[in-house]
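Note that the chains take the letters A, B, C, D, E and F in the order they are written out, and that residue 1 is the start of every chain.
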Amino acid sequence: MDEETAGEKEIPTLWEQRDHSVEHVDEGMLIMQVNLDDSSPEWLAYVLEQCMRAGANDVHFLPVTMKKSRPGTLLQVMCYQSAAEAIKTILFSETTTFGIRTFPVACHRLARRFATAQTQWGEVQVKLGYHRGKRVQVAPEYAVCAQLAEAAQVPLKQVYQEAIRLAVEKVL
Amino acid sequence: MDEETAGEKEIPTLWEQRDHSVEHVDEGMLIMQVNLDDSSPEWLAYVLEQCMRAGANDVHFLPVTMKKSRPGTLLQVMCYQSAAEAIKTILFSETTTFGIRTFPVACHRLARRFATAQTQWGEVQVKLGYHRGKRVQVAPEYAVCAQLAEAAQVPLKQVYQEAIRLAVEKVL
Amino acid sequence: MDEETAGEKEIPTLWEQRDHSVEHVDEGMLIMQVNLDDSSPEWLAYVLEQCMRAGANDVHFLPVTMKKSRPGTLLQVMCYQSAAEAIKTILFSETTTFGIRTFPVACHRLARRFATAQTQWGEVQVKLGYHRGKRVQVAPEYAVCAQLAEAAQVPLKQVYQEAIRLAVEKVL
Amino acid sequence: MDEETAGEKEIPTLWEQRDHSVEHVDEGMLIMQVNLDDSSPEWLAYVLEQCMRAGANDVHFLPVTMKKSRPGTLLQVMCYQSAAEAIKTILFSETTTFGIRTFPVACHRLARRFATAQTQWGEVQVKLGYHRGKRVQVAPEYAVCAQLAEAAQVPLKQVYQEAIRLAVEKVL
Amino acid sequence: MDEETAGEKEIPTLWEQRDHSVEHVDEGMLIMQVNLDDSSPEWLAYVLEQCMRAGANDVHFLPVTMKKSRPGTLLQVMCYQSAAEAIKTILFSETTTFGIRTFPVACHRLARRFATAQTQWGEVQVKLGYHRGKRVQVAPEYAVCAQLAEAAQVPLKQVYQEAIRLAVEKVL
Amino acid sequence: MDEETAGEKEIPTLWEQRDHSVEHVDEGMLIMQVNLDDSSPEWLAYVLEQCMRAGANDVHFLPVTMKKSRPGTLLQVMCYQSAAEAIKTILFSETTTFGIRTFPVACHRLARRFATAQTQWGEVQVKLGYHRGKRVQVAPEYAVCAQLAEAAQVPLKQVYQEAIRLAVEKVL
């Protein structure tokens, strides 16, 4: 790691930042946790979608061993403070929980830019991430890659590798 | 979601609240985490019980992949600040850890009431949860349902469904 | 490993063996698997108990990521062929599954003997396991150790270590 | 469990049975397992969909701790022997594996029938499962329930409970 | 998928095949499973290494929720029949189990070849996999990539992408 | 638990304490979390090592079910504030994430001392942990035990049990 480079640029700290073109630390976020020992997994996948629509930044499930030998689920949501009430209402209505735990988190986010890779199977948008001015991420958009892979009957991994290769060449 | 309804009632924030008849946000809580790579699962189940007796609100286990290929366990406890010291002593005595991580969490809890459902197999207590004045949870008590299901040789899920149906009709 | 010793004793293969005093390979066993994406964990813990009572040798739950983002559970039961029908009826009645997968397994079981360890907190039964005539396992009985640990207010792990130490000395 | 009832009806064993109106044990099935320590989860979700389209009966992922501290994934597919070659080609093309494990399994499947529940929010198809002539499962169709719940802005769990209640009344 | 191509080449079935230059199905393999509720994860990582040295083809751990709320581990080993006895002795000696489940599996293995990619950071060996004569896998060797990445202070993922790109160009 | 004893000794709270000979609560720590749905497990094991070298106190992986049916990984790092920037640069460079969540945690650490156990197979260093002046942990060093066990061809668990027994006798 280049400590000197690491010190060069200051990463700004912001409150509920939504402009992703600049690297920043967002302080206005929350993690919510719900432990579920009596919800059907079918309902939980529906909850995930509802929370995403209500503005959650991320929703995921962790497997847990709970008291009385129950193989339960820990539902974790990350969201802005401003979306918290709406998401809590979804969690209380759609899961079986009587309580929601919350704690604040900061989120350090890379600067994001976008490039387009012209693969032999079609155009793929690629998201690029920059840390202290240096490109560290090259992420082809899943949905487009999957569509092209299916249409052309080529492996998805091949479409990804080609899109990454082209994007790297282009933005270098 | 009804945003207007959601705004109508104020949810009070309290410190170590133990009256569960009113919806509230409890600020006086802690999460404790312990990473275990050299404890027997038999002991961990015992720890769970000891922590519950010492006043923990919840104890559960998450599977983790740790350094040196160890398939370990992350033990997570939620408790009030006032029970923290007693629980730490249990964790240090009964597990193999040299450190306990803690961080504060708020817990938003529904208002709770209880109803009784008269099923054909016997009486079942049902816990009801209210969010902003609206009933969102109907939870038959597990231990009673299990006992009735076994005695009558009917599926547990049938006892649950019947208890929920009757409780909903009654408290409507 | 001592390959020569390993070859000395022949391990008999038996069909639905229930005499555990001799090391043997039991051929008459089945694994049942059920994938669950719409069962409450509360019900599953009940299923575990019901299956054990109906003669299952082991029941456990594995976390699975299923189609449509469902955080489901794979329930696995190991049992003798002779208990299979009774266990299937429990699984169909108490879970939400429409299908049960089964495949035969052999189970290589150690010869078992029992010893008693006189610890300072009370008597503990210890199960010993023998492979090709050599002692390889020393397992204090959980329920007794837990009871003694609680009564004497000593860590459970200390009771285990003492019981193992005494049993090893005694049967050497 | 009613052992007498359990003995009354013979469950036929069939090879690659696709008629689900009769309870049966299907012998012509396979489980495939692939251990993955270098595949992106994005690709794996795509593999799941491709396998389902190629005729897999079920595809799911289990978390595994692998050698060299790798938090990998065990991909498991259940399919008919007749679909095995097509699915293997997908697994080899779309994942990063050099080997696929297979073993035969029998699948005991309930007799299936369908009912329609007229809920206040719309019509829901319900799948019913019968074991030895007795109804043991009542499963509302997820996609329809989710659609109705969203349209009417009611909790999904409420739509499920109502659909189950109505289906049970109707088919009794 | 190209069904015609898929039919062209016959995949031979062999017993304990160790020549990996030809695609084949190996019938002489076993899966062993051990459920552990009283072993330290530190010991299990050691078991993994010991089994690999004794000839196991793969060893991995799955998290399980067991009876009495125990967060246990399912240890799974894949090996040839000829290595089974040596591995069983390790499992009985080094874990706390009293029984080992086994069942036979077939393993369909790709034809393997090797190529060398000359990256800017050094030479990387790449393993190629062929299914019915078509290249489907390109896997740079981890240990070498990790060493080069560390030495040159470049991200490991970049070394992988470059090695894959060069290997694909070369063997095309 | 002895509440009186528990109250006797005050546990000091310190900021980035590195002297482990005294029991203390360290306030200057952070947890970092990264959710990964497009990283290869091979790379993640490398990330673990890199983070440990850069001063992380702990790194581990939790399995998660993510949106779009992805079987992802939650990478969790615990470190001092002073090591945070260096570790963030590793996470951004070596994984595929565009964001890192952080939140502060306190870590209650036991007083540590070391003893040496003279086993029949060689010398083993044992780490002892003290809570409020009472010995609660006795942890033989893994690397040495593993080496002795291998050299002497005795089970690792036996070396552990002997080292614990001797250390307890000695420091009593």
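One rule holds for everything that comes next: contacts are C-beta pairs under 8 Å (C-beta built on N, C-alpha and C of every residue); 3 or more make two chains touch, one makes a residue touch a chain.
These numbers come from a predicted model, not from an experiment.
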item	value
Any chain in contact with chain B as well as chain D	A, C, E, F
Interface composition of copies chain D and chain E: same or different, split at half	different
Pair exhibiting more inter-chain C-beta contacts, B-C or B-F	B-F
Most distant chain from chain F, judged by the mean position of its C-alpha atoms	D
Farthest-lying chain, centroid of Cα atoms versus that of chain A	C
Inter-centroid spacing, chain F versus chain E (mean Cα positions, whole Å)	28
For chain C, residues that touch 2 or more chains besides their own	1, 38-40, 42, 48, 61-63, 65-72, 93, 96, 103, 136, 142, 155
Chain contact graph, described as a line, ring, star, complete graph or other shape	complete
In the complex with chain B, residue positions of chain E that touch it	36-42, 44-45, 48, 61, 63, 66, 68-73
Contacting residues of chain D [partner chain B, same complex]	1-2, 63, 65-71, 136, 153, 155, 161, 164-165, 168
In the complex, chain F residues that touch chain E	39-40, 42-43, 46, 63, 93-94, 96, 142, 146, 149, 155-157, 160
Chain F-facing residues of chain B, complex	33, 35, 38, 54, 62-68, 72, 74, 85-86, 88-90, 92-93, 96-103
Residues of chain F that touch chain B when the two form their complex	1, 3, 6, 29, 31, 48, 52, 58-63, 78, 103-110, 112, 127, 129, 131-132, 136-137, 139, 142
